[in-house]
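The first chain written gets the first letter, and so on, giving A, B, C, D, E and F; residue counts start at 1 in each chain.
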Amino acid sequence: MSDLQLVPGNSLLTATPEEGRQLAVKLARLIIKLTQPDDEKRRQQRAIYADNPMMLISIGQTVAAEFATIAAANNYWRDQPQAH
Amino acid sequence: MSDLQLVPGNSLLTATPEEGRQLAVKLARLIIKLTQPDDEKRRQQRAIYADNPMMLISIGQTVAAEFATIAAANNYWRDQPQAH
Amino acid sequence: MSDLQLVPGNSLLTATPEEGRQLAVKLARLIIKLTQPDDEKRRQQRAIYADNPMMLISIGQTVAAEFATIAAANNYWRDQPQAH
Amino acid sequence: MSDLQLVPGNSLLTATPEEGRQLAVKLARLIIKLTQPDDEKRRQQRAIYADNPMMLISIGQTVAAEFATIAAANNYWRDQPQAH
Amino acid sequence: MSDLQLVPGNSLLTATPEEGRQLAVKLARLIIKLTQPDDEKRRQQRAIYADNPMMLISIGQTVAAEFATIAAANNYWRDQPQAH
Amino acid sequence: MSDLQLVPGNSLLTATPEEGRQLAVKLARLIIKLTQPDDEKRRQQRAIYADNPMMLISIGQTVAAEFATIAAANNYWRDQPQAH
């Protein structure tokens, strides 16, 4: 397999939900990078995603799935003070 | 990554299921905003979603996935009195 | 966000699996209503769903996802007598 | 909502994995019946599903999702003797 | 419903992850067989799947979902010696 | 079924999240190999995936699903020092 690191920091643990969400986005993007390693092609594809409503929704489903795992790993950051 | 805050309030904890559901919708929308930051383009895309049955269904799947995580985080708000 | 209530009764707890399933259907429909608030348009879209096999399957996936959360919230109604 | 019963027997509990799987199929079909109540139209749609590879795969995803919930409800039938 | 057995061995328990993965594939295939019982048609459809990248990916999603349930049922085979 | 080994090492346990992520990618690819055993055809298909934004997103969803199972199997590698 490629030398690309697929889990930044090699950990699912983050200090906050916000950082967990950002990690979810990164995990999703790194799988795309693994499958399409060409930086210029990925740049062009991002422009396609951004203008395609169905792709935007599908990206949201991917991030939701990654985030579910990260949130469970962090026990949903329950020790934080409630903010909502 | 963008400066956009992806988890409003930086917490998954909410007082009620209704607030949890609203948070799920917001989380889903913020990933779309991250991928398509142009407000006017997103406004146009919302009109496309609303008139496309398959996209409406897919949005529902995204929200369901986000809500599953939020509901687990809140232990399903089991301490609330039963309403149904 | 809209004033539409997204969780009827503001609770995931139901007395029976049947009521839980009905709640899952309602949760799914309310996200569609949030995205397409026009009653007449939604009425027309329902006719499209009903005649489109792929959309019917996708609606099933949405309800399955919502129901998974509701079933977990209710601890799978395990205290009921076994009926199957 | 329609008078259609969405959970046969109003329980997720089954004696065996086989019965659980059959229940998963029934749950999935009942959502389709709720959305398309016309028996003759559903009969025609079944013929479409059966000849469409992508629809067959998608039906499989729906059943897998329903079964995940039923299997968890039954604690994966772990008290049965191991058969594989 | 058809007489087709949907869960081979009527158990989700397997001795190893490899056997669990094979069971996941079988569960997925048996739902397709339930929906399309004609052996010759299914043989033709397999040739279509194999040459269609999007269908291959979707089959992978189905197997992943089935395997998640089987892996949980087997408590992830944690009592095995670690091999990776 | 084919003689192809579907779970490398016949274990879901890995030392780190990075190795778990790589295992998720392998599990996903092995299901594709099971369905399309021809090496040359798969090589051609990889070129198609890499240039198709929607397929890239769908591959990401598959890996996310496989990873969710692997991460749970490893108890989210919580005993590791936090890196984020």
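Throughout what follows, a residue touches a chain if its C-beta (ideal position, glycine included) is under 8 Å from a C-beta of that chain, and two chains touch if they have at least 3 such contacts.
Each chain and its UniProt protein: A, B, C, D, E, F = Hexameric tyrosine-coordinated heme protein (HTHP).
Bear in mind the structure is a predicted one, so any value in this text is a computation, not a measurement.
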Original post:
Which chain is most remote from subunit C in terms of Cα centres?
Top reply: F
Subject >> Inter-chain centre distance, subunit A versus subunit F - centres from mean C-alpha coordinates, in Å >> reply: 16
Original post:
How big is the gap, in whole Å, between where the Cα atoms of subunit B centre and where those of subunit E centre?
Top reply: 31
Original post:
By residue number and range, which residues of subunit E touch two or more other chains?
Top reply: 49, 54, 58-59, 61, 65, 68, 72
**OP:** For this assembly, give the contact graph shape among line, ring, star, complete and other.
**Re:** ring
Original post:
Quick one: ring order starting at subunit A, direction subunit F?
Top reply: A, F, E, D, C, B
Original post:
Which residues, counting only subunit F, touch subunit A once they are in their complex?
Top reply: 16-18, 20-22, 25-26, 46, 49-51, 53-54, 56-61, 63-65, 67-68, 71-72, 76-78, 80-84
Subject >> subunit B - residues contacting subunit A, complex >> reply: 1, 5-15, 19, 23, 27-28, 31-32, 34-36, 38, 41, 45, 48-49, 52, 54-55, 58-59, 61-62, 65-66, 68-69, 72-73
